[in-house]
Structure formats: C-alpha cells, structure tokens
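Here come two complexes built around chain A, the first alongside chain B, the second alongside chain C.
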Partner chain A sequence: MQPMGKAPMPMDKDRECEVLGQGFKRGLKDSLKYDLGNALRNDLSNAMRNFLVQNIVPITFVIVCLLAVRWSGKPLAFLLQEVVFRLSRNSFLVLSLVVPVMAGLGLNFGLVIGAMAGQAGLIFVAAKQIPGILGLLTACLVALPLALGLGYMIGKIMNMAKGREMIAGMILGFFMNGVYQLVFLFGIGTVIPFSNKDMMLPSGIGLRNTVELVSVKWVLDELLMVRIGSVRVPLATLGLSAVLGALITWLYRTKLGQDIRAIGQDMRVSQVAGIQVDRTRIVAMMISTVLGAFGQIIFLQDIGTLNVYDSHGQIATFAIAAILVGGATVSRATVGQALLGTFLFHLLFIVSPYAGQNLLGSAQVGEYFRVFVAYGIIAVSLALHSMQQARAQAGLKR
Partner chain B sequence: MCGYVLEMYGITKDYYGNRVLNDVILKVRPGEIHGIVGENGAGKSTLMNILFGMPVIYNTGGFQGKIRFCGVETAFASPRQALESGIGMVHQEFMLIPGFTVAENIKLNREPLKSTWLAKLAGGRMNRLDWPKIISDSKAALNTVGLGIDEMLPVAGLPVGYMQFVEIAREVDKQGVKLLVFDEPTALLTEAESEQLMSSVRKISDSGVAVIFISHRLDEVLRLCDKITVMRDGEVVASMGASDPGATIHRIAELMVGREVVRPSYPKRTTDPGDDDIILSIQDLMVDMPGEEVHGITLSVRRGEILGIGGLAGQGKIGISNGVMGVYPAQGRVIKDGTEIPLNNPAEAYRQKLAFLSEDRKNVGLILDRSVENNITVAATLVKSMFQKTLGIGRMGIRIRDKKSARKFSEEMIRDLDIRCTGPSQLVRRLSGGNQQKVCIARALALEPEILLVSEPTRGIDVGAKQRILDLLVNLNREKGMTIILTSSELAELRQVCDRIAVIYGGRLVDILSPDDSNARFGMAMSGRRAEASELTRRPTAS
Partner chain C sequence: MNLHGDRQQVDPGNPMLRTGLRMISRILNAVGLPRLIVGGFVVALFVLGRIMDLPLQNLLTNSISRFGMNAVMVLAMVPAIQCGIGPNFGLPIGLLAGLIGMVSALELGFSGFQGLMLSMAMGAGLGALLGIGYGLFLNRVKGQEMMVGTYAGFAAVSLMCISWLMLPFKNPELIWVLGGKGLRMTISLSDSFGHVLDKLLSFKIGGLVIPTGLLGVVFALAAAYKLFEMTKLGMAMNLAGQNERFARAAGIDCDRMRVVGSGISTALGAIGIVVYAQSYGFIQLYTAPLLMAFPAVASVLIGGATPKEASVSNALIGTLLFQSLLATTVPVAQSVIGGDISEIVRLIVSNGMVLYALTRGRGGDAADG
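Let's look at the complex of A and B:
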C-alpha cells in the first residue's frame, strides 16, 4: 500500500509544480506584457495629455487660424507677406512684456506709458525733421530718459500695490493718458516752445491729431529689406526683435535674472535671503517701460503716421492678448511664447475679416471676432490665473 | 581659536515694561551642540531675536547685556550683519522658493558668478551664474547633511522632511559659518527623518561648528546635545551637561514647568462634577486647522467643571475648540446631552448653547471698529434674534433693532463685568486687551450658554488684567454653573483655575492630569510622554 501510495506522489507533485510553474510563468509574462504595454501607453497618454493641457491656448489658436486661413481664400504669399510685416512691427512690443511677468508683476498693462514716451521721442524727431536712422536713434534717445523715469515711477507705485499690479498698471495707464493729453494738447505752444507750426492746431496751442512721420517712415524696415521668393522681409526690424529675444534669454542666466525669477516666485523668501525685492521690481518695470518705448518707435516707423492722441491706446491690450495667445500666463512667459503668440494673433487679425466676408458676407463680423478674441483671451487668462492662485492658497493651508 | 564661539551675559529685555528676559547667560563652545528647552514664552525666541539683531528688538527699545562672538564684543544691528559674521539659522518655516531647483535654493542670493563685459558697464548683477560651481557646491552641501537627492530637482515636489534638509544644506554651504541655530527643526519631521537630522547635526558639529538646538522634544535634546540650558519665564533655571547624572527627562521637564502655582481659594462647590454627569462628549475629533491640527481626540466634559486643555503651541490644543464650534473643518462626533451637534456649522453649535471666545480676539472675536454695545449684542441678535422688535402687525412686520433693550443689556454687562470704557458707544478698538476680552465674554453671555469654550483668554493682556479675567471665568462657573472648557498655553493659568487638565501633544490626547499633579508629570506630558507610575516614583525630588 505504502509504496503504491507513494509512487504517484512525486509525479503528482512534479505535474503540480510544472502546471504551477507554467501558470506562473505565463501569468508573469502576461502581467509583464500587460503592465509594460499599459505603462507605456499610460505614460504616452499622460505626456500627451499634459502637453495638450499646458498648450491648450496656442493649439486652439493654431486650429482656428488654419480654418480662418482656409476660409479667407487668400493666397499664401499674400498672407505670409502680411504676417511678416506685422511680426516685425509688433514683436518688440510683445517681448517687452516678458520681464515683468518673470518678476511676478503680471502682465504689464502700464505698457501704454512706455509707448507714450516713445511717441514723445517721435514727435520731437518729426518736429525737427531729423531724417533716417539718425532720426530713429534720436527718438530713442529722447524717449529713453522719459521711459526710465516713468518706469521708476510705475515700479514705485506697484511696490505700494503689491498683489494688484495689473489693475494698478491699467489705471496708471489711464491716468498717464490724461497727463499725456495735457502735455500735448495744452502744453505745446504754451509752456513748451514748439517751432513746427504745421504740426500744431490752428490756434497755436496743442498738436494736431495726426503727425506724418515722413522723416523716419520705414527707415528701419528699408534698411535691410530682403526678398525671399515673393515675400519682402524687413530683416533689420526682425533682427532687432531677435536680438532683444536673445538678450532676454541671456538675462535669465545673469544674477539679475536669477533675482528677478526669485522675487517672481516668493517675495518674502527672497527678502529673507537678502535680495532687494523692491529695487529689483523697479528695475524690471524700468526695463519693460524702456522696451515699450522702443517698441512703439519701431511700430510707428512702420505705420508711418502717428495718431498723437490715439496710437498708444490699445498697445498694451493687443500686446498682452498676443503673448497670452502664445501660451503665456500671468505668472509665466517666455520669449518663444511671445513670438509664437504675435505670429498667431496677427495671422488671425489678417484673415478674420476675409473669412468673415466669405463665410457670412460681412467683413465686419470678422472684425468683431478679432476684438472679441483679444479681450476674451485676456479675460479668460485672468480668470484662470486667479483660480490657480486660489487653489495654490488652499493647497498651502492644507 | 576662541574658547567660546558665543557668550551672552546678563541679557535682559523688556517689552513695554513687561520683562521677558532676565539676566540670561548663555555660552557655547566651538563644536558643541547646545540645547535650549523651555515652554512657549520662556524667552527662547526673544533670546535668538536678540542674537540675530532682529528689528523687533530695536523697535522696542533694545536690550541690556553683553554679547561676545568669537571673543569680540558685538551687538548685531541687523540679521544681515549676524549672517555675515557667521551665524546661520535654520528656520522653523521653510525659506525656500518652490519653483527653484534644490541647487538654486541652496545658493539663493549667494550664487557664484562669472564676470561678463556687461557687468563692467552695468554693475555686478549683470554677471552670469556659474552653473558648474552651483551644482558642485550643492552636491557637497547635500552630502554633508546626508541627503542623497538630485540637486536639479525642483523643491516644489519634495517631501516636507527633505525641505528641512535643503534648508540645512544651505546653511552648511555658507562659508565661515561658526554657529548654527536650529529653531525646532524636528517639529514637522517623521521619526526616521528626525534621526537623520540629528546625525547630520552631529556631522556639522564635528566639523567645528557650534550648534544651538531649540526643541520641545526632550528625549531628542538629551540624546543629541552636549549641554542643555533650561529656560523658564525669561530666566535660565539650569544649565547642565547632557552626561551629568541630573540630566534626566523628568528632571528637565520639572525644571521647565516648575513654578510655584498659587491656587487662590475659589469657592467650593456643593457637589463636585463627576463622570456620571457628562455634558459634552467629543469622540474621535479631527480638525483641519493649519498649524493646530487635531488627529483624533476623545474627551468627556463633566457638567459644571472647568476643563483645561493644555500643551505646547502647534500641538493641536487650539484646534479642539475651533473644531467643536465649526470654525475649522472637522470630523468626528460631538454629543451634547444626548444630541449630536453637527460639525462645521457654527450656527448649530450656538443653537446647542455653546459659546466660544476665540484665541484670535482681534480678527474673529471682535469687530474692532464697532461700539461696545454692537459687539456685545451682535451674536445674540444673529443667533437668537434677541434685541429686536417687530414693526407692524403680527407676521407682516419687519424686525428691527431694539435699541432700548440692547442698551440696557450692554450697560448691565459693563457694570457686572467691570468693563472699563467711556460707555456702550465707545469703539472696541480703543479698549485695552483685558477690556476687549471682557466684551467678548459679555457677548458670549448674551447667548446664555451652558458651555463656554474659551481659547487663550489671557493672550496679549497685561498681568493684572489676566487675573481678573480668570476670576471672572471662575465666577461664571461657580455662580451660574456654566461648564467651561479653557484652552491655554499657560500651564500655570490652567493649574490655577481648572478641575482637570487635558494635555495635547501631536494632535492627540496624552493624559488628563489633576492641577495638583507634579511638575515633572506635566512637563513630560507636554513633551508627549505619558509618565508611567513607576517612573514617577523614581523621581528624585518631589515638588
């Protein structure tokens, strides 16, 4: 009994082991295959999702732009030409927004004040009829001390209005607009001696509404105009923006850039570490204001006409809309986002009236659409930002 | 080399006539780990503030005494000066920039630079960061503290414990640090992390740096430190070597707490409150109050007693009342006289005849820019629609303020509680702290509560007024039979008026003690250890 009973045991055990082993192996293989595949898929889909979520704004705009380009029915060469000009005209202004965002000051709605300084420079050049590149340089030279002073003032005020920089900047812009009008509507010819009577109102006090910038029109654009296919490219103007982009990127790597980034993230910790928070914020604001002044000069030499009381009006709004379209937020902006945003925003600007005409029989609709887009994107971005802040604060409490 | 890195002699400091430090002496040798222990308000932070030349010291009239750093007599005029002379500080709250990498945080504002041509024109801030050096220095500093993480990781995602080490690495990286102050570094760490922290503190001190280690955890201090200074009420009560035979946990605990408790003879009750009549039963209460979290407390309150809730700051004692009253999010069960009070709903708590005097008197407790009368009547008006009259007929009427009854009640209260003010219409902001507290009490009384929860009633109140507030609470208890739950950081105060004292540590109940229990027992409970009976009988001196 016993040997017989014992005999099958090892066999059974072996078989059992074998079956178990196979099962185990198969299970392991399956689970490995499953896990690896799944993990990979998960990782990929996570990465995809992250990419999509983080870049949802530019992606949406790429799609909208592509559709609008198609509906506009315009030849690509025409669009390209328009975009190149607008890019060269606007990107400097948009780039001037990057530094304050880095410093935690948010989107600089006070950019209009820099633009006013730039216009003051141009008015001086137009009055003196200084021609060519020399004229542009003179305009910049006149604008520089004004912008530095105004930037210092904005910075000071924003240090008093910590946490509410954007609304403070916007209101400051409105306020300075009043001062600007006072100076050019009543100051010229009374307090400020002005010899060029053609530019003045018939009463002899104040400037006319429009000033033709004959002496400096297109001087930068024409300095280095290159033809690529049928598209004319103002290399000098674009080159200036490229240089500015490189400078900002370089600034990131300096001590000042590091300080600006630090205060942008946490003012209190920076203060304790000995970084001069208020001073650094003022420096950031001064940089932005000066760049805004130069940007406006570049912008207006391309337009060729200065609307004395109007040209600066929506500069900040459109520049801010552009940088936001590029995927920037109130607390994060890069040079790349500024350039991409300028491209997309202005492409949309060009094509939307045509698309509106073709789709709905009215160019006006396209016009409305682009204004809607400009303000809408700012509103959405501000709302998103305060939501994020609220969430971050809730997270801190926890 | 100097015999002592730091010598402080006869340090005395007054805040507005209130002496917070009295003739303190502290001496620290190079390479020594010097522990400082003491209750909240013992003067530890003030002493460190003086050492660092904090503005708060100079804004309040400076201090008396001498400080010698490395044998040279100095008095640092600003924290910056202290840091530059070689004193480092590891903060209790993290001074880190979340979006920066570990390396950037270690080198924050001390980044090694490479010169550029632009810097020669526009100043030193245009120099480039020397990244290879930033990385190698950070690596070395992280190695010293024994934290093996990638220095290029952003700080934002790190576990809390790691952040503390990053902060220490920053101090270690500073050149020429001779003295490093750790202000309760283990408060937020897990046990394993604390162990690692202590070993890196040892490493630091082995390299010749002197360390001042401030902590509430007595066992840690005993294990880690070479010398221990015990402070109480602004004075050094003992300074001993950690290997001295007298240096035991309960001896230190006793020294920390041990002050004469004078129990004024409050009137005796006819029947003492007992466990057979429970008015409020708190079960498994968890409260999410930042800095004062409660992690599950079960506590029964006897009808008619004064129950004290004690413990060190940040251990959760304040969270209990705030949780029960629904001021901060809470979980668990609170049962009063058999009915469960829904949590997270202050109005419901008031309706169940609970009233609350918040520790945050100026923000939560009072409306500073309203009159005494407004402040006294507002809660009762809101909760119980008191001090209102109906204009119109029957149900059609609108309810408006009844100025007459409100005035009458507030005048009564001003008289009964002896609130020193020019009259019911004086703004509360103008009153002294003690009188503001009385206004709070009056407001609570208007609700006619059965249970009064009082949080830090004497905080920020001058000494004489403190006693009056406490006497007032005892009177309410004895005369009106009101049950009082008194939360306070001042143990002496609790022992003076309470029937029982629950000691909270780490968000949990450690022990319920009698006010007559020994100092050692209180001291140990407050550092989180429930004294076993055997330990107490071994205690060398009875108090």
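Let's look at the complex of A and C:
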C-alpha cells in the first residue's frame, strides 16, 4: 500500500476507508457527510433510472405520440373520438394476449386462429340474419366450441415445440389461414351446406370476400352510447374490456391462475411441485383462443364489414405490437400494460398518416411508418428478451 | 432393429415379402417422409393432369422455370442452417439488398446482360455487408434466431417501403409517372434485363423449353457452394452449426462462423431475387419481399433438411418438389374444381412443412449453448 505522508493524497471513494484509519476524526466526519448526501442522491437517481429503464418503451412512445399529434395538426376532439373507438374495439383482443404470457408461452402469434373462429361465428349469424344482441351472442356461441377445439390443438402443438412457441404459433397461424381459406372458399357449398346465396360466389361454391354485417353492426357500441363533451363513448364495449381485465386479475388469485404463473416462472420446478405443466399450458392457450374469438367479434361489430379472407390477417401483429408498446415483454404482461399500449399504439396509428402528410408531403410514408413501428417494436422486444435470457443464464452458470 | 421388427410381424416363411418390406422401410428412411409425401403428390398431380388431357410439356416447362426462379433463394438457406443460425427467416434483408442492386443498376442506365451482372454484384456485395451485420446481431439473440429474424426482416421491409418512396431516383422508367418522386410498385424489366438468363442458350425438346442460362446460373452457384463446403472455412462452419460445444473444443470461433454463414446466406438471397426478377420480368418493390422467406424455408425442409442440418442437394430437391407441386396445382385444380387453389396449397404445404420441422425434436434451443 501507498505510504500515507503529510501531503494529502487525492481522495476517491475507494480509498475512503484508508482515510478513516489515518485521520480518524476528520475522516469520519467527512465520510459521514459524504455518505448521507450521496446515498440519498444515489437512491433517488437509482429510482429514477430504474423507472426510466423499466418503462423506456412507453415513455418513448408517449414522446413520439405527442410529437406526431402536434405534427398531424388535427384537433384534439377528433383524435380523442378516434382513440376512444379504437380503444373500445381493440382492447379486448389485446387483453387476450395476457394469459399465455403469464404461462410462459410468450406472445400468442396464433391469436389469428381465435379470430378465425370468431369470424366463423359471425358468418353464421350473417347468413341467418340474426339481429341485435341475440346475433352477437349467437356468434359467440358458435365460435366458442370452435375456439375451444382450436385452442386445444394450439396448446398441443405448443407442447411439442417447447422453447419455440412463438415461431410455432406464427407458422401455425399461417397454416390455419390456408385451412380457413380452404373451408370458406371451397368447402362452403360443396361439403358444408349454405343457404344464403347472396353471400356466395356466383359459381355457388365459396363465400364472397365482403360480408356486410348488417344485423349486428354497432349493436354492442350503441347499447350504451354516452356523450362526454363532444366525444361519443361506447360504454358497453369498453365495459366488456374492463370486465375482462378484472377477470384476468381475479384469475391470478385462483388455483388455476397460480398454476399458470408458476409454470410461467419455471416449468421444471412446477412439474416437481405437482403441477400438470402440459395441461395447464393447453388451458392457457384455450383461454387465449376463446378470448381472441370474442375479441374479433367485438372488433368486427364495430367495423361493420367482414372481409372473409383478410380481416384476421394482421390481428395478432397489431395486438402484440400494442401490448409491447404498453411496456409488456415476452415474459411479463399486465392488464394495465395492455390498455396503455392499445391507447398509445392506436393514437400513433391515427396520427401518423396526417403527420406524414404534413411533414413529408406523403400520407403513404406515415402509413408505412406505422407498419414499421409495429414490426420494429416486436423485433426489438424479442431481441431484448432473448438478450436478457442469455444474460440470466450466464449469471446462473457463474 | 428393423430386421427384427419385420420378422415378428411378417410370416418368416415368406422371404420375398420380408425383403420387400425391408426395402420399403429403407427407402422411407433414405427419402424421408416429407419428401415422399410431396413427391407422391406431385406424381399424382402429373397423372391427374395426364388424365385431364393437360399438355404435359407445359406442366414440365412451368415446373422447371419455377425451379430456376426460386432455387437460389432456397440455396441461401443452406449456409444459414449449416453455420447454426437455423433457417434464415431474415431472408428479406438479402432480398432488399438485391432489389437495391437492381434499381441502382437501372438508375445508372445499365441494361441487358451487363445490367444483370451489375445488379447481382452490387446486390451480393451489399447483401454480404448487411448479412455480416445481421449475423453479429443474431449472435446476441441465440436460441431465438427464427422469431427475431422474422421480425427483423419484416421491419427491414417496411423501413425500405419508406425509403423507396423517399430515395432520389431520377430514371423515369423507375419512378411514378405522376409526382415525379418515389419508385413504382412494379418495374418492368422488358427493356432492360427481363428473361436475359431464361433465353440464354435456351432450347426446345418436343415442346419442353429448357432455360439453359437460368439453370446454368443455379447449378454454377450450387457447385460453387459445394466447393466452399470443402474448404477449411466451409468445414469449420458446418461443424459449428452441428455441434457448437464440439466445434469450440476444436478451436473454432463459432460466433465468427455464424457471421460468415449469415453473410453468405444474405448475399445469396440478394442474387436470388435478381434471378427471380429477371425470370418474372418485373421488379416488385414495397411489401413484395415480406413473406418470401417462408416458401424458401419450407422448400429446403421439404428437401430433407432439418433446422440444424442442410445440404445443397436438400435445397435443390426441395425447390424442385415444391415448385413442381405449385406449378401443377394451378392447371390441374383449374380443370378439376374450377378454381385457383394454388395459393391455399402453398399456404398449407409450406407452413405445414415448417411446423412439422419445428415440432420434431428439441434442437437449437438455449440448452445447447
């Protein structure tokens, strides 16, 4: 060690203990002063930093959204109205992603399959022209067994592809899209009897792409439409999402919810603890698929038109991008994140074409930009998650 | 094992039947279930086409030209799988490099064979650079390459969508007629290098058109890659992909090998889209490359590859089978059901194939690292 001479050495934090040993009184006083002030400051700045790091995605998005809102030059009332409608029709779908994340299955890219089941229900209702709330309930009732069956199948396949659930879910979605098209383009009118000729292609086989959902359009929205200022708020639709949010929170407290969270934490430990891991994973997928089906029905009653062959196409991508914008990750998602994310993502969705038009003279740029944001946020979140996992594993090995 | 099983099931007194069964099981093992199913399907479709009195030459010509069009993009999967990053779902990054190469060559006023060669060179160069960057990125997300790669590719495509609109291209053949800014959705190659390779030295045998130039390029690239496989670097790369721990023990820098493989794969992707576009006659920009990785991945898997092992012949056989399937489905389905079912067949077969590969075994996860 360096000899402590009369000339005071330049002090840094590491050497403080040495100083303590040398000039006892002065050193003690100094270090106490130093520690107290610094500790407080450290704590505060640490808390700030932690908050920033943990919420970096939503914070960035709030800033981007604010800028885009400014650039779009649209009045606030208009934006608020649009956001309220988009929030009401999308949040149910986004919430249906929460359970598989809890169960450690990652982001459910197979949500499109649930959406397909929902569309099958709507097609049935449109064909039979069942009006009103009864129509919506019928659609849900038709979709329910389909979604349960499909969810069971997805869960089975996820169990065969452990560790690669997300890519398997995505590819399964593409695959089932093929099957879906086969059923509705070639099965209807040949294998499946179909009475409503108006909805079918002129050849008598297969459905037309566009189905007007006249009988159930806005049924849920108009059930309880409230005016707040100049903004119309579809309370019933929003209320359903709120109920779902509450149900998911309640699920955490049940035995099933505990099991789901346990297998999300560690499959092997849960297995040892006597939880039926594979079965619980299947149940989680079934819940998500059924919710996806209902979510799509809610979504489409607001849109009013069903594009048989592409209404479901981007559902999973946009729902997943939304929940990630809210700050969720592959392994952690809450109801709050889902709702916040839906709000921010769809606000950006609304304003980016206008902002593009005003900034760069092209609305198309804004439209491509929002697609880029959706894909980009998913890519970045997946990459970050994988890096964290690698770091955790390296930490364990050490 | 097989022998034993056969003896128990089959009457031992019948040696003919026994050898027959043994042969079948041996063929099944050698050919692989997916190849057998798809191959059987193709043969069935050809037979059906024959019954429906469709001109067989057309079906074959279509199959061959589609094979040539797509083979290089499928070939791009081989180095990616061999080096350990698995099927390259980030292929659109390479395709974008190729597209940039082509529009740049056209912008500079090159056409014909020169234009094609310049497009390939620029595309491959840019692709290699991007691929190296992509490989470095993938080294940080080991175990999730497929998912991260897919979305990295999607993000790259949508970012380039903005760029196609904004880049200052001047050639009136390339940009929108109105507005004078932004590249067109599709750019015709009829005045530049459309079908240059297809027509090169092509000949006809009894109605069957053989695009010699196109096939020549495909097989030249395949042969070049085969040669690369025999070099020290190629062998090291293959080993790194097959068994990372073993390779590391042998003193191979696995991370570097993954970067090399990704670079080659992305460069091949760039060349692949140039070959594809000249055969198609149009350059398709914007969202066209978005989903192009999936059929390429499916093709190499149909050819018998797994997410951990692949060879040039897997790629070539897989492309031939998959593309013949698509080429024959269109006319046969048209005459049998009276509708175009090929898109559905493409979706079901290609994604079914990828799904089959994903659900078999547990290779490629973090436990290996």
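Just so it is clear, the second predicted complex is superposed on the first by the 364 of 398 C-alpha atoms of A that agree within 3 Å, B and C clash if a C-alpha of one lies under 4 Å from a C-alpha of the other, contacts with A are read in each partner's own complex, and residues count from 1 in each chain.
The working rule: a residue touches a chain if its C-beta (ideal position, glycine included) is under 8 Å from a C-beta of that chain, and two chains touch if they have at least 3 such contacts.
No experiment lies behind these values; they were computed from the predicted model shown.
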Mind working out whether A:D259 is in touch with chain B, chain C, both or neither, as first, second, both or neither? first
Contact-wise, after the overlay, does A:S362 reach chain B, chain C, both or neither (first, second, both, neither)? second
Mind working out whether A:R164 is in touch with chain B, chain C, both or neither, as first, second, both or neither? second
Quick one: name whichever of chain B and chain C touches more residues of chain A. C
Please indicate which partner A:F174 is in contact with in the superposed arrangement: first for chain B, second for chain C, both, or neither. second
If we overlay the two complexes on their shared chain A, which of chain B and chain C does A:F85 touch? Say first, second, both or neither. neither
Do chain B and chain C touch any of the same residues on chain A, and if so, which? none
In the complex of these two chains, what residues of chain A are touching chain C? 157, 160-164, 166-168, 170-172, 174-175, 177-179, 181-182, 185-186, 203, 205-206, 360, 362, 364-365, 368-369, 371-372, 375-376, 378-379, 382-383, 385-387, 389-390, 393
So, in the complex, the side of chain C touching chain A is made of residues 89, 137, 140-144, 146-148, 150-152, 154-155, 157-159, 161-162, 165-166, 182, 294, 337-339, 341, 343-348, 351-352, 354-355, 358-359, 362, 364-366, 369
Under the touch definition given earlier, write down the residues of chain B that touch chain A in their complex. 80, 83, 91, 95-100, 104, 108-109, 111, 113, 116, 119, 124-129, 288, 290
If we count contacts the way the header does, which residues on chain A are in touch with chain B in the complex? 253-256, 258-259, 261-262, 265-266, 269-270, 272-275, 397-398
